[in-house]
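Both of the next two complexes hold subunit A, though its partner changes from subunit B to subunit C.
Our next item is the complex of A and B:
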């Protein structure tokens, strides 16, 4: 398998800059997920890696070899499309065999490779059928089978699960993770679904407006989001952001005053902060507990069993969300007092950059 | 009470169903009447005429005499053969040229919107006017083609393309293809644009060449349209009348006389309505058999390629 390096990749369509200054080093056998809102450039970046689209500038290296000018087939990549891109007039067998037929492999070899892929993906019984006779999940597996038979150095997935229903998506996530391990493959996977990113990726690239916001492990992104964007994008339900004003800095950290007058000292690096600065205090719903601190008027309570998600707003109209224990006794329509541990707070400056937390959970290397 | 209630409801429903059916008949009756008057009645009248010796002077029932004479006439069988040859050649050329044209128009070439418009004229301008244009070009005295051939020294003398049997036949084919190709092209183009781009990209990633993608993706994907166009085009070409009539009137010496021209000459020019009607009935039967075979074939193709 292989490493994949992107160096200063940019892409513009006319005057519209879609990607700017993308630098990435993806390791051998790594499962990397590109995630971001629609229009952030993640699919374009994948298509540039595949060779379906030319970058405006920059270099792509696979296993250290510059493939920027190479045709897709010569890059050693295989791609799985969102629409599956199966040939409706060909059987499952011929669909999986397609790349081998293009390469004019002898029939026994084709048979052996297709057989092995079908085996891995549990498609053996479906081989004589046409794609139209398969379920969504099975079609997806055929598309994956077609990529496996080529023994590519890098697998590229373009939102492969977005056409499946929720239950099947969950199943396929597990299958894809297992497949990645079994094949020992380098995989790049594009999605807009942060749950797919969090559950499958070794490392996640968060893209926004054509730039990399952050590149790190799922837990790094969760505990140490580099920007306000990453903080609100990763984690479900979304992180709460409370506007605050810096009162002072000290060895203990940053002292802020929340709207409503509550003062707190938060253990973050304060190098750039000055008294009077406007900041935002980010607090994840799961870090909020019942107590005294901020008051929320509870509007809707979603009981999920293990947890109960409370949605409401503060006196100044700011929306707030808290994940409370499943057996909580609060009721819709009540005013609920909420508190959080200062160590759980994230602080973002006016530009959306984070002030590094000092007491975040230790991260695995 | 219950009995009455149970009985009443289905009866009401039946009444409503009846009125719905009556309403449906009412809705289709204008079209039905139209078809009866302009299709069914003339067809029935033609069949009746074919068993008579009708002329302007009157008619007598002659049984199958018209058919017997027709089938015994070697010239009739020559005409049948010529008609099928005409149809096979013209349709094949229309399909091939249409396929090539549609592929070019579908490719990412600069100014393709302009080319798409330029394809239209043969189809848009009245057939008679276009064909008269071709008649001028084929003319030996002032024709463009003869002029160019002489200009470039390819021929010594002037060439009247419609004057000799072979050249007239193939010249008529060229004109027929010119008239019939644009529609085929546009239908193929529409079908090609309906093929998912992902299929081509997936094949490209797998290393398939342009020709391979055309052969293994485009052709199978648009096969149902190719077959449909082949059928429609075959019927139109078989029945193509004005192109041949304006160019050659079926000549020289019958070289471009197809069944439809022959029928017109007998029935209208010679006013032998009975004999003409017999020819028309033969055409209807031939086309019906041909269409049935084609529909069966189309059904098979759709089952093979159409499974989405």
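Our next item is the complex of A and C:
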């Protein structure tokens, strides 16, 4: 059992406010990923949870107990650092055993626990080696080994995969997800990579400029982004945003006029909309199909096999991106017509808040 | 960087190195020459690199001329080693504090240490004499060790601090998260990783201690038995004449043990002075 609650955490360095009013309730055995662009405060938030940094105000509760003033080791957390932070002068065995040595456990117990961790992480043969003799992925596993020997309540990962190459990163993503299930542990994971967030998280926290933009399951964020920022941050390639003007509202939804004069009625909540407002219509590249609607001058076509990503410009210079079927016959340099189903459109008001979609697909639990 | 020197450049480099070393080592060459020749030939003959009359006689005679010579050599090494040991015990935690902790007047006190280094020992001899006298430490080993330690701590802190700053902070944070105290981290993580740096600083302190003991010895000590070698060498200056060859032989013999140790430490010195300069 380990729940983690953050209550109105703020942090400022001098006059610079890094985090403002972070409230978060993480459930037991949940894998939560903090994601956001660099400088959004996600690493600072993790360091505050770890106890490496003090928050300016607010409380941290682990299992309902206020640990805001406790030392990291008393909080029951373990942390894996971006650079692995392995001790180069100690063997893999001693690196994994380090927390146990600090706790002055008797040698047989140390041996048993290190052995078990090495077993889980397939490091048994590497135990006598020094970290310098290991590959990047193995070092990463040693760092994880050091965190699991103490049976912490909450695991904290600070961009653990960013030093690995792409292939290894994909492999470690799968391993980490499996490890989380095997250990039945609560994990908080920081990354700037939205793919890591989407693939591993039970729930994602999107941070921007020290605030939580949205907290939800990956599919919730994908289908119902709460803000323009989340919409463009989650999903690959990024969502297209088309400026539009509200023409009117009705029971079927919001009627807008896109640049170029196309009028569409989009099934979204219209409570906040007024005729004449400027809004942005968000369309994911994968929702665009060939057809008659908007016209795009195709500049580059990336064929990935299964899909082909088309990058181009509209007449008014607006950039557009569409994910077309892999066997599409369009050519670079052509003008192509694109269309989308009104139900797939997201609408954001001038403040970047979403008007909730009415016909979104059912959410995966 | 690929080494691409032409033959001419290589020859040039070696010639330049030769002259540089000759300039640096000339006093040593002269010491060795003098120590190998009989007294009577020293002042008469012209300078030659090699001479027929070279012998090790002075190395045998010096022990009779100055019976306490062995003791002096021991004292020198003992004083310098004690100074080094005490200095390191003080410098390691101090340098670590300056490298990692934040406390009031940090920059000011660090600057103060540098300022202390501007004074040479000679300026402070009289006040030091009074202090040591009132502490009753004149004519003891402490009279040479304590001022030595005091003058070398600032250098040590400055040298070691910059080395410790290069140890990644995340290593210490990882230890802290795992429950290790500052001192445990210092002992199990920082000191082992800083070993090359510690050897560099230790060597610098030892050399400093060896060089400055002469001044303290002749000022604060007149007990023959605890005199270090540089002061003891004065005994080769007799009423009638100076046995230069034996004095040189004794000086060379005195520095030999230290030279041998330094020869073995050499690889650490080079590694330590350049470590961390390039990201690995």
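By our rule, the second predicted complex is superposed on the first by the 363 of 365 C-alpha atoms of A that agree within 3 Å, B and C clash if a C-alpha of one lies under 4 Å from a C-alpha of the other, contacts with A are read in each partner's own complex, and residues count from 1 in each chain.
The working rule: a contact is a pair of C-beta atoms (placed from the backbone, for glycine too) under 8 Å apart; a residue touches a chain by one contact, two chains touch by 3 or more.
Worth saying up front: this structure is predicted, and the values here are computed from it rather than measured.
Asks: After aligning the two structures on subunit A, examine subunit B and subunit C and state clash or fit.
Replies: Once both complexes are aligned on subunit A, subunit B and subunit C clash.
Asks: Which partner chains sit in contact with A:305 here, subunit B, subunit C, both or neither? Use first/second/both/neither.
Replies: Neither partner.
Asks: A:89 contacts which: subunit B (first), subunit C (second), both, neither?
Replies: both
Asks: Subunit B or subunit C: which reaches more residues on subunit A?
Replies: Result: the larger residue contact count on subunit A belongs to B.
Asks: Which holds for A:52: it touches subunit B only (first), subunit C only (second), both, or neither?
Replies: So A:52 meets both subunit B and subunit C here.
Asks: Classify the contacts of A:78 with the two partner chains as first (subunit B alone), second (subunit C alone), both, or neither.
Replies: both
Asks: Using the superposition on chain A described above, determine whether A:14 touches subunit B (first), subunit C (second), both, or neither.
Replies: Touch partners of A:14: none, neither subunit B nor subunit C.
Asks: Kindly classify A:99 by the partners it touches after superposition: subunit B alone (first), subunit C alone (second), both, or neither?
Replies: Both partners, subunit B and subunit C.
Asks: Looking at the overlay, does A:108 come into contact with subunit B only (first), subunit C only (second), both, or neither?
Replies: neither
Asks: Which partner chains sit in contact with A:64 here, subunit B, subunit C, both or neither? Use first/second/both/neither.
Replies: Touch partners of A:64: none, neither subunit B nor subunit C.
Asks: Looking at the overlay, what does A:276 touch: subunit B (first), subunit C (second), both, or neither?
Replies: In the superposition, A:276 contacts neither subunit B nor subunit C.
Asks: Overlap the subunit B and subunit C contact sets on subunit A and report the shared residues.
Replies: Common interface on subunit A, subunit B vs subunit C: 50-52, 71-73, 77-79, 81-83, 85, 87-89, 98-99, 102-103, 146, 150.
Asks: Can you list the residues on subunit A that touch subunit C in the complex?
Replies: It comes out as residues 50-52, 71-73, 77-79, 81-83, 85, 87-89, 98-99, 101-103, 146, 150.
Asks: Please give the residue numbers of subunit B that touch subunit A in the complex, ascending.
Replies: Touching subunit A: residues 196, 198-199, 201-208, 212, 216-217, 220-221, 223, 304-308 of subunit B.
Asks: Going by the contact rule at the top, pick out the subunit A residues touching subunit B in the complex.
Replies: Interface residues on subunit A, with respect to subunit B: 50-52, 71-74, 77-79, 81-85, 87-90, 98-99, 102-103, 130-133, 146, 150.
Asks: Okay, in this complex, where on subunit C does subunit A touch?
Replies: 168, 170-171, 173-180, 184, 188-189, 192-193
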